[in-house]
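In order of appearance the chains are A, B, C and D, and numbering begins at 1 in each one.
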């Protein structure tokens, strides 16, 4: 099982790109909580397609309808379910892909797992569209965390290896013109997190955040604090010295541990990075196979696709972090 | 909760570094399986302390005693429990650390979470020693996977940034002499894995392997296939072209996806890397705090410590991968 | 957490009686399964209100809309979500009950747990209406079990202590006329279940079926085979002798064990009974309390209510049994 | 999976009757808790064999050894593991039973599930002996609940249908003399439980307690409050009227709901009954089958057995209730 996340803030995501709807059911929201729907809409809008020059032209309102769990806009203790109706779907764009998997995409693995009768339209359940319900669950967690003084902020650190905004922009224009795509890195900072969250071994904050972030399609790596760079350091370099700050709070002078020690939060900001591969759907001809005729074939992907998924993934990373942190926060109170 | 891993191959790890014992209870082993105890001992020996020039001098047999679940050496359907008695523990080495957390170590986070009465001896439940039960659970999974044609092999890719064995050795000698430590990167290859393993979203193979690998102390980053390098590539570069091999099997010409597409195995080898930070316990004086007197203090860590945990972590990485893959294999059969 | 059931056939129920919708998300359905929607509708119709003389007059189509997981009527591997829109709701009937809990009803416990701002309309999440999504999940499990030769059949064994149909009818008429209600016992037979299903201790078939059946509101007791009567027997009386039948299958000459030995199915029919208390909502004046004014008060419940929930609960019992058995069947295949 | 119970007070039981050891690993104990070991020993002694005229003569100290999770007698935050070494085992008594299942016993179902190579000695993992680790986990929960004002007390209500102590005694003597066995009913009262514990649907207190109690071998029925008797009542009879007591606490004048409404505790005492079938192992010749030769055979069970398991099951029922209630209590705090 797979479509559920969390121990105490637990949600289950459902839907496929071209199903009647996508959505999420959330357990663990406090009773009496009134989600700020405008704030949530603004958060969802950050990942919505059709907003920029370098994102797919598929346009959807993506306005969630809350069909359960709220009374007069407040949570009542029952699980909260929100759905987003799918519209503007052009399923015929995808029929060719039933037999010919896109290189780098979930197509082939899905065909093996679910057979040729799987839902191919729009990537089915493997579509990036499923990050919308993730952003609903994470967006509500964000609102609850903000009320406890936690802020979570992700940003694009690099695209195609470029860290300069102008260079990123040029690279994107170039890739788009070439029918190609580019990857990138998103960095995330979570401030105000209490020390002591997370559990040992498999329930550590790194385990949980990684489990959530790897649910975002295209993520191929996650690192915390100094991450892979720490592997090249000495202990005397990498260890963050402790001190008492002016309020008597224990802090570290540097934050190479990324706010997590032994899987448990230290009270310093949680820092992590997620590596996104380039969008696999590109307009350039590629080598593939026909799973039905068993022939090697050439494939040119049609349809609307983001040349760089990273642009829309920023709120998804925040949502994943928020879900994992809020879940650990609730668990710490048991 | 935290000390358990897995859905169908599910195990719970218990113990602390200086408790009477550490151990693991495993559910999901097939009935009638006769673990190869010599093979398991050899596997555990690869992570055992006291074996090399650059590992702690604490010596323990680490021979697991199977106290439940086996009859005449065969699994009988009941959960399998193995314990390792702790001996040769010098708890007094650690008493100073109750109040003064080691920079970079779990000490501080544990003190916040569990209070000053926590088990500090040998790092308590945060000790690298807890990877021994992980290696029992993973070692048995490895034996079962091997019977299905899966081999898992990890190796040290770099230490302190050096990839040349001679340079690694020099770096280790230097760090040890300086009372310092170094980090490193372990790369792992899992061959023979069937396509179609893993579940969408939170149950993907990347999510599961990451959840398992981050349970190994000192891991600060995990990447699959091209990983962070993929973030700098174009789609046309990163996508792995498909073809039919001579046996009619779909393969990819390159393996930048690391054997996982959409969270599901593709049948190509699973490739991943784990970044290990340098051992936090170093003999060099560091800045820390006294949590009881609330004073900034200087700390020099005594006791026996590995200057480089990476040397002993190789089987742990294999164990984590084996547990995650075998669990997904069982789940795929439901 | 609470709204989810099952290990391998896992579903999450959401909604409240007067929320926009109620529904269920199901994981674990086999890929390519085409639910027989007419059969499902007929199954749901057996629990629908408004069908008989002794059931509430609230009328609802209760036609599930499958918003995810199906493509052209077949499961595609994604979770299946079905919702039922709530209509014909008269929320104003319930506002008085916010402060004055009905004796015997969940009202008081819900007020303590969720506060006075909880969803009182129609019983909120404690409404018997939530058994409709249970019947969707169980109804699909039933179809899958039938394809494996399993049939599940529940029937009313007694109402108000009467086992004769004419006496039951007379009792119901009498209770209805008096504005009162009656309880009853439902017996369930599950035939064709393979031996060997269920797991030891907490995962036994009795544990699982009980966990599912106690989710049906008003159930206050569950017994298997001879059940409470077995407590009055001797071993020589209660033990069911084994024999080989004409096909060489091991069977028992009697079935006081109810098809379950040591928590594991024996291959004999699973037999169990569920005791339902009388519907707590009655038109007769009762003693209650006002939780806001802190006064003892007299309460006369208005609104539409079943004088005997047992009449509509029969398919719910079958659904609960089907969900538990199909889940154990899938688990046995791992 | 099956050997684990609970969400927040979670434990995993392991071992077989004649394995080197049986035991339990517990997560969720509060840090700094010092179990009263004498009290625990006294609790365990109530279920120990060899104490009475009508219990098996197998004698075991059953003293748990805590091998993990305690430091100087206090919990330190790590999971707590306790084991009991098995001694005094006469495995040869059981070898005949490998091929010839005892009527009414788990033997046959276990043979189907695990094959002829399963652990038959002493009933393997289906032995009543596994209730000792349940009593460790439940016994610690009891101590923690008592500190919160909760008391749990079970007692034998009837044996073989007799409720008078003298008649029970006569029946036991008679059954023992005849090489036969008798069943019985245990009633349990849990006082001081806060209102509001439990979750809706599958997480209700009835669901949880039933799941725990059905883990005790020989339990064939569980009922709450008026239970099966409620099925014969009218609503006006069964509903418990509310009133404010002298302290302003809402109470009910009667307690036919058994302290649970809608799955949630009401603050009134939790009342439940468990029906135990007679011990299946009897000295009287019975009809059985030889699973290897495929012949119908006569079986006379040798070995030491309780003529009435009910005598020793009283603390097990308390343990099951305590585990379920303490788990729900912790969950209510998230």
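Convention: a contact is a pair of C-beta atoms (placed from the backbone, for glycine too) under 8 Å apart; a residue touches a chain by one contact, two chains touch by 3 or more.
This one's a predicted model, so the numbers in the text were calculated from it and none came from an experiment.
Asker: Figure out the least number of contact steps between subunit B and subunit C, where 1 means they touch directly.
Answerer: 1
Asker: Could you state the distance in Å from the CA-based centre of subunit A to that of subunit B?
Answerer: Each chain's C-alpha centroid was found; their separation is 25 Å.
Asker: On a C-alpha centroid basis, what's the spacing between subunit A and subunit C, in Å?
Answerer: Computed from C-alpha means, the inter-chain centre distance equals 38 Å.
Asker: From the mean C-alpha coordinate of subunit A to that of subunit D, what's the distance rounded to whole Å?
Answerer: Taking the average C-alpha coordinate of subunit A and of subunit D, the gap between them is 45 Å.
Asker: Spell out, as numbers or ranges, the residues of subunit C touching 2 or more other chains.
Answerer: Answer for subunit C, listing residues that touch two or more other chains: 1-4, 8, 13, 28, 78, 110, 113, 125, 200.
Asker: Chain contact topology under the given definition, line, ring, star, complete or other?
Answerer: complete
Asker: In the complex of these two chains, what residues of subunit B are touching subunit C?
Answerer: Touch residues, subunit B against subunit C: 8, 28, 78, 200, 330-331, 333-334.
Asker: Within the complex, which stretch of subunit D touches subunit B?
Answerer: Contacts found on subunit D: 1-4, 8, 10, 12-16, 19-23, 25, 27-28, 31-32, 65-71, 74, 76-81, 83, 110, 113-115, 117-119, 121, 124-125.
Asker: Mind listing the subunit D positions that touch subunit C in their complex?
Answerer: Residues of subunit D touching subunit C: 1-5, 7, 13, 101-110, 112-113, 125-126, 130, 158, 160-161, 175, 178, 180-185, 195-196, 198-204, 206-207, 210-212, 214-215, 217, 219-228, 230-244, 248, 250, 252-253, 256-258, 260-267, 273, 275-282, 284, 286-289, 291, 294-296, 331-332.
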